[in-house]
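The data blocks that follow each hold one structure.
The following pair of complexes shares a single chain, chain A, combined with chain B in the former and chain C in the latter.
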Partner chain A sequence: MQRLKRNPDIVWRVEKQREASVLKALEAGSDPGEQGTVLLIVSGTMHQLNMIGGTIWQSVDGSRSQKQLVDLLAAEYDVDRAELETDVCLFIEDLIQRGWLIYD
Partner chain B sequence: MAIDLLDTPLRVTWDLCSPVQPVSAADTLEIAARLVEAQLFYVTLERTPLLHPLFRDVATTLAAAGCQLLVTCCGSVAELSELKELPDHSQLLLDVGGFVTTDGVDFTALEQTCSTLCKRGVNYGLTLTPTPERLGMIGALLRFCLHRQIPRFKLPNMRINDNFSPTLRSDLLHAGDIERFRQLAVDFPDFSGELQLDVHDLFLWEILFPNGGAPRSEYGGCQAANSLAHIDCTGIVHPCLSWPQPLGSLLRDSFYAIWQDVPRQKIRDSIAVTPDGCQRCRDYSLCFGGCRGLSRLEELWQGRDLMCAGECKLSD
Partner chain C sequence: MTEPFIELFSAPLTFNWTLSFRCNFSCQHCYSREEMSDELSTEENFRVIDVLAEQQVPFINFGGGEPLLSADLYKIAAYAVSKGLNPSMNSNGWLLDESAAVRLKEVGFRSVGISLDSAKADLHDDFRCMPGAYDRAVNALQALQKVGLRSTLSAVISRINYKNFRDILDLARENGVAQVYLHNFKCSGRGFKNREELDLTPQEWKAFYIEALAVKNETTDIDISFDDPVIASLPGYAENSLVKGSSCGKLSLHLRPDGHITPCGFIPLVVGHILRDDFQTLWQKSPILVKMRNKEAKGKCGDCGSFESCLGGCTARAFATTGDFSEPDPHCWV
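After this line comes the complex of A and B, so read on.
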């Protein structure tokens, strides 16, 4: 089983205040927008990941397969499983192509 | 996506050496530990940091935590003798200000120092704080960087401290200087793709990057006390190098605590207000008033960027 992990050369951090504000919006049933909750520096350029992207990023620690990541998110977010699987797959493929994620 | 309400800044400048106030080794290391804890992305060590007795410890600690480390250097013999202390993945910024004479840049001396850095395998770039007098030097320095294949050239913001005297105000760039620079820039070489040019001031950046550019794609106005901060040699945090105002001490509180505290929030609240000098300006949504730190120095500007001529008012 292939496990994914973050590129160790990428420096990143979680923005606690933003995460709290997005969670609050979600709980209230409003749209939290695309506010970045995880910030990354890749080759000197800063990037932001939204809440779900950030959750995936934090979970990709070399201990899970892609399917296990979907299981984890499915338990956390109330969304259609098939849709989630497609979105996670596309997101991960994009990050692999960028070199941000690598197979362990 | 605008960058706002961060937990801690993303980039800081830190005056490692104190010209007057000695800081204990324990305190210096405590400040470094606070910066690591704050998960900063970029730290620029200022004021001859190579000459600080704990430079190696501080630099290694920050680099090991993933901070992109920039180390400024005036090119003195004493500093160059300490180059071996630079940790891997850090970059030296050679301050061209030390090579400026009454006749302009001493390119012979600059060339010699650059050769020394190359021979020692130092990853380096150039930095020059722009002043009205120095604007005319930028074109030649761009050519110098391209010729020598120097990968980075930085135009940082003006350092302001409590001792900033009125006589030094002639060093600040104003709207007239920007117009002059616009004309000079016509003859600048094409540096795209060959040189990383870091420009702090928005009005200079617009001239140097006439077609826009990725580095400013997320510009959301003055970043003082948000993604930016300055730390003086005693560990006091300020909104920015151009805005001396104590927000708290890293020897007492964490960066996170200082960033959630009232003094910092007051700075951000003041930046959120449209300055009087920017009222009814059609370009406010582009610049958001520009540099708010320097604007505090000139009352007549009513809060707008000193480099802005204020000629874009919407008619009634």
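After this line comes the complex of A and C, so read on.
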């Protein structure tokens, strides 16, 4: 089973204040939009991932398959499983193409 | 991928760390050559690393002073790496031979920057007031290349080199440099004293940046960086920046040898102490940082359409020449 992991050359961190404000907005039932909660520095350029992207990023630690990642998110977010699977697959494909995620 | 950050980061991304102001050079533009300061002990410097790791500051960049004169450099950097930080440094290259390059790589430095202000040896040596400086700097780049440690080249743009910056890029190519920083001239320290001799006029800065941006946009084999907010008003400028205006106090801070924090190396205002003060309180509430992050549009900035992009340009230059963060950057040509 192929497991994905983060490219170790990418420096990243969770923006705690931003994450807290997004969680607060979600709890209040409002839309936090595409606010970035995880910051990536790739070859000197900064990028951000939104809440779900950030959750995926933090979970891709070489211990899970893509299906296990979907299971993890499905347990956390109340969304249609098929839709989630498609979105996660597209997101991961994008990050693999960028070289940000690699197979262990 | 997401909206730009519009509020404060949870901590700086970079700490520019001056371990010591001691230097074996005496450069004409140096911001710190006249500075004197107590220095933290090795144990205290380790505690600094603990604070930075706890705050999740990902990058530290040792500058100075010449970092290789600090006996603790390797120990501190190794400890930083063990805590998940990514160290880099800037050096004049004089002490960076192959054995030093090997050691820097073994310790875990991500990259090492070498100062080279001209592709002409005599001009560089004269600017740095050190005969042989050019040869030693080039040797340092070659040593880094040989051991496979990423190198960058830093050139301070001034009257001696602004017309010949392409030669500096060629010099970088010849020596395997990954990135060239064409630093804007700062009127701090000796740079302030010698600014009339070395600094360009606003119109000369504009002409330089228009040309340099065009070269940057057509160059693919080497990264060219400017880090000068005053260029945000120019056509062809398309940096992916998370903040507008100066990044000091928003993305980065400067640490003096005694542990005092300043917004950047060129702004001599202490916002607090890394070991004595609560870092989050300083980062979020320091009146100096808050003021820097909320500049007013004073003077000609008041009715300038570019203010929203450049936020008045370089805060350090405005402060050095007027004593006020919110005054226009003296390099501004608008």
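Points worth noting:
In this section, the second predicted complex is superposed on the first by the 104 of 104 C-alpha atoms of A that agree within 3 Å, B and C clash if a C-alpha of one lies under 4 Å from a C-alpha of the other, contacts with A are read in each partner's own complex, and residues count from 1 in each chain.
The working rule: contacts are C-beta pairs under 8 Å (C-beta built on N, C-alpha and C of every residue); 3 or more make two chains touch, one makes a residue touch a chain.
Given the structure is predicted, the values throughout are model-derived calculations rather than measurements.
In this superposed model built on chain A, chain B and chain C take up the same space, so to speak, and clash. Contact with both chain B and chain C is seen for A:Arg13 once the two complexes are overlaid on the shared chain.
Legend: residue contacts after superposition of the two complexes on their common chain; A:Thr45 is shown touching both chain B and chain C. In the overlay built on the shared chain, the residue A:Gly53 is in contact with chain C alone; chain B does not reach it. Of the two partner chains placed around the shared chain by superposition, chain B and chain C are both touched by A:Gln35. Chain A has more of its residues touched by C than by the other of chain B and chain C.
Residues 11, 13, 15-18, 34-36, 39, 41, 44-46, 48 of chain A touch chain B in one complex and chain C in the other. Within the complex formed with chain B, the residues of chain A that make contact are 11, 13, 15-18, 21, 34-36, 39, 41, 44-46, 48. Chain B makes touch with chain A in their complex at residues 1, 5-7, 10, 39, 41, 66-68, 196, 214-215, 218, 260. Interface residues of chain C facing chain A in the complex, by the touch rule stated above, are 1-3, 5, 7-10, 13, 56, 58-59, 86, 179, 223, 225, 240, 242.
Within the complex formed with chain C, the residues of chain A that make contact are 11-18, 33-36, 39, 41, 44-50, 53.
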